[in-house]
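Each in structure tokens, the structures are laid out below.
Both complexes below contain subunit A, partnered by subunit B and then by subunit C.
Entry: the complex of A and B
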């Protein structure tokens, strides 16, 4: 079963993603900020990361660049933000995200992108 | 309600509270950027969450709040009390909506106006200082009539909308080899919330020659207009290439249609069709000259014709076009011929039906009508039609690979890009090229550069369309997911269970705790049945050994049950901060309203008590604090005149004393004048003259707790609601609390509330009345006495006795409960009397007999029984019978 780590400080968002992803048969873990996400990444393997931008303690950008530069995981990461500007997008891609999506994310959109990044054949 | 919504509501409440607290703190240190950031985060999170649900009112207000806080955080807008006021207002509104969602599961549409007003009031604050950036969304709507509109499509596209000069310029550009594109940009309605600025976006379109804005639907009335909903369609004529346009609109590809326009399509003369001479001869002559390739003659004839015609005529327009075509493309006989022929019918040539001769790109036009631009080109080994998601994903990887290579985590980036692309290719069934992707990654890693991957991407996916590289299976963890997984597993040994570091506390629904509380209550009662059982074993069945064993087992169960009860009580404990937290806001708002300056000091917020106690404390405390604000603390100038600091102080402190929570509320206001109280009490008939004279000052001050007493000379909307401090007293006494008031005229007032830590267990005394058992809360029992019948006197039909020199009125419980049976006396002809306190007085209740006192879990009366005010509740006794507990105040 593919494992996905959700990194978001908002419990509602985590619950939202989790319900969609678990419904699609993924195994989901959560972290409330970059620091916790890093701890989990060191201990466990995730096939995909879904990362929020704005979080207390450590934000999504620095989490991703740390993840990449320390070679902890090079698996696909999806960054989800409320900001649609080109700058924010660029920053996300530079820091190590493979996909930048702007909220609100519809369940279909989330699942389609997860399946693509995880290489699952969609009916 | 679905759990997600529930979670949203509960998180929202926390955020709202956080916002309130941060704003309060900001008032004290308005420069703190840390507070500002936290505040922003709260609003941001709230808004982000609200986007999951269809709650436009909520999102609108939060979005405005977020923009405002963002501006504040970035120093574009200064923090001000006005800002705090408006934000608090807005958050109150959000709280209101949350409550409504909590109860109804949705919000009422009637809030639309409020939400618009609040969002506007927030946005105003931004616009004033940064007029250009934020608030642009609403501005777009106001500015839209910049370009006039005259819809009436000629061909497929309303090209005739384009003014002649612009058409001509476009034509000129097309002839000189520039591409011409018609852009239909339909922003989605909620685009403003996605950070789009369609007006700006459209205006900045590369190579824009002309643009038009139309409303999708007729404009609603101004009052019903939702300015945050984009209903505009943009039409743009541009000379940019398809690639440039696609690049420019890459974030909204699904909202844009790009249609190539052949230059000749623009030759659409416009003008007054009637009147004016139509010279058949001219047309015939001109055609002849054209076919004879006599361009100079044709030009001359056309000029002459134009000179004698009114320039506003359709005819003149056609002639002007003709001249232009002759000038630019003298060889294009076909077009000139068509224009000339059209002079006979006075209708523009239908260029797209005349396809063959005029422009090779006509087919392109038809084609691009169908797919929504971006992804239609085919690439060889990859499926022809890629979904927008795939396209976007590949575009993102291309973008990443195009970034500068000078970062520390380049290898990580390359691997992750390859992993993403590999997943994507696999998902779309393009497995054939995965291998070459792996090779490209290897090469890229070897070169420490993105180029090989980018090259691979470009060769498999046309640039500007989509694309992506792949992953070499050989490269370590990041390659295909399965491989990576097994490697990692070996490396780290998945020990998720051991290492789970989840939150240390959990949120539990209140209902579950209450249920637990009820269960333990029943357990305590059930446990109490064991001694009965032991008694029966011994007395009825004569088995003493069994009786002893039951008793020892009872001791064990008793200990566990008590511990369990204690633990559950602990769970129910809440800090008083739950109640205190509302005071900073209350004091702030109220003192502003009254024009007073008040400093609030809170202490001992961490003191804990049972949830019920804490909750019952809320209203009385609010009432007391309001009273202090309203009647206690004087206006600043009065205070100065009295030599006090202009700013008054209200001090609230919670402490735990033994098994009680004590809450002290102190102010340094004007205090209570006992003389005024006495006079008012007399006027209102609460006391009589005789009593007035005996009253000490302290007793007089306590009269404010008497029912129907209110000292406010003017009823204000703050505290003088016609209910006085008696309400406070009643509420406190209801949870077995007591209350003391001390006041010194001119110096201030001090109120002390003392409450039990928990009211889960109640001690009651069991009494007998007409062969029934009733419970009386032990708190109201002063003493129990047996009074010889001879000592009972009848005074004016009322019975009374003298107890230690004081007259105590006596009431038979039987008659209080509507049973007409006289109280039973014992063998010595003594009557059992329960002396209870009723305010300051004592009353004797005559019962048949006293029984033991027991600890019970008092359950309030529910259902139809809730109307029986004579009972405070019921409880189960050890033998399984139900004990009704009397509410002494009610029955007397």
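Entry: the complex of A and C
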């Protein structure tokens, strides 16, 4: 079973993603900020990361940059944010995201992109 | 290959700090190349009532996170209009870390932030409105629920409402019941709004 780490400070958002992903058969874990996500990533393996941008203590950009630069994981990461500018998108990709989505996210949109990043379907 | 010895950050001795100890020199030291000197200056400026402008200016260009932390602590201690305006300005920054640090600092200033909260929640930039809702998250103020209700009843942007409804799931009472029901009706095609509103309503019903 593929394992997905949701990194988001909003509890309701984490529950929303979890309900969709578990309903589709994925195993889900959660972190409330980049620091907790890094601790989990050092101890456990995740096939995919779903990362929010704005979080206290460590934001999504910093977390992904560190995850990549320390070579802790090169597995795919999807960054999800409310910010829709080209600059935000570019910054996410430079930080190490493979995909940048703008909220609000619908269930089918989340699942399609997860499957795509996990190599379960092809574009 | 020759080794390049990393230069340690110069230690600023207590006696050296005592050489010039007045507000003007502290403000000058805010732009010292040595981060230790900048940290001390930012700390010392807590006793200088008119130093918020200099601190805000340095905050916007400061790259060292530990210096930024002290600047933010001093700004929350000063808590004057210039300090609050400077923190609000950081909400418009491209730097996500700075934005988040400003949000955390603003949470520490409930009485100072409260008079401008309605204005922030009506900012033309939806991202700023979202960050203003983030400030409400742990702002110890009696109007928090009222402000959140204003947002979910009137804001046209789904992500601003989504951020507000997240928070209402934690702090909402029966006072928010009608506004939450109305929100679902306003965004019938947004599954997240339905999910979060139902969760908040369930929690309110159970409390």
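Some points to look at:
We adopt the following convention: the second predicted complex is superposed on the first by the 120 of 123 C-alpha atoms of A that agree within 3 Å, B and C clash if a C-alpha of one lies under 4 Å from a C-alpha of the other, contacts with A are read in each partner's own complex, and residues count from 1 in each chain.
Keep in mind that, in the parts below, a contact is a pair of C-beta atoms (placed from the backbone, for glycine too) under 8 Å apart; a residue touches a chain by one contact, two chains touch by 3 or more.
Since the structure is predicted, the reported quantities are computational estimates derived from the model, not experimental observations.
By the touch criterion defined above, A:113 lies against subunit B but remains apart from subunit C after alignment on the C-alpha atoms of chain A. In the superposed pair of complexes, A:10 makes contact with subunit B and with subunit C alike.
Of the two partner chains placed by superposition, only subunit B is touched by A:99; subunit C is not. Of the two partner chains, subunit B is the only one touched by A:47; subunit C is not.
When the two complexes are overlaid, the chain among subunit B and subunit C that reaches more residues of subunit A is B. Judged by the touch definition given at the top, the superposed model places A:35 against neither subunit B nor subunit C.
Once the two complexes are laid over each other on the shared chain, residue contacts for A:24 go to neither subunit B nor subunit C. Once the two complexes are overlaid on the shared chain, A:87 sits against subunit C while remaining clear of subunit B. With both structures placed on the common chain, the touch criterion links A:60 to subunit C but leaves subunit B unconnected. Counting contacts by the rule stated earlier, residues 10-13, 15-16, 19, 54, 56, 82-83, 103-104 of subunit A appear in both its interface with subunit B and its interface with subunit C.
The residues of subunit A lying in touch with subunit C in their complex are 10-13, 15-16, 19, 53-57, 59-62, 82-83, 87, 103-107. Taken in their complex, subunit C has these residues touching subunit A: 94, 96-97, 99-100, 103-104, 126-127, 130-131, 134, 158-159, 162-163, 165-166, 169-170, 190-193, 195-196, 199.
Across the interface of their complex, subunit A is touched by residues 3-4, 7-8, 11, 38, 41, 44-45, 47-49, 51-52, 66, 194-196, 251, 387, 389-390, 392-393, 396-397, 399-400, 403, 407-409, 411-413, 415-417, 419-420, 422-429, 477-478, 480-481, 484-485, 488-489, 492, 494-496, 499, 501 of subunit B. By the touch criterion stated above, subunit A contacts subunit B in their complex at residues 2, 9-13, 15-16, 19, 29, 36, 39-40, 42-45, 47, 54, 56, 65, 67-69, 71, 73-77, 82-86, 89-90, 93-94, 96, 98-100, 102-104, 109, 112-113, 115-122.
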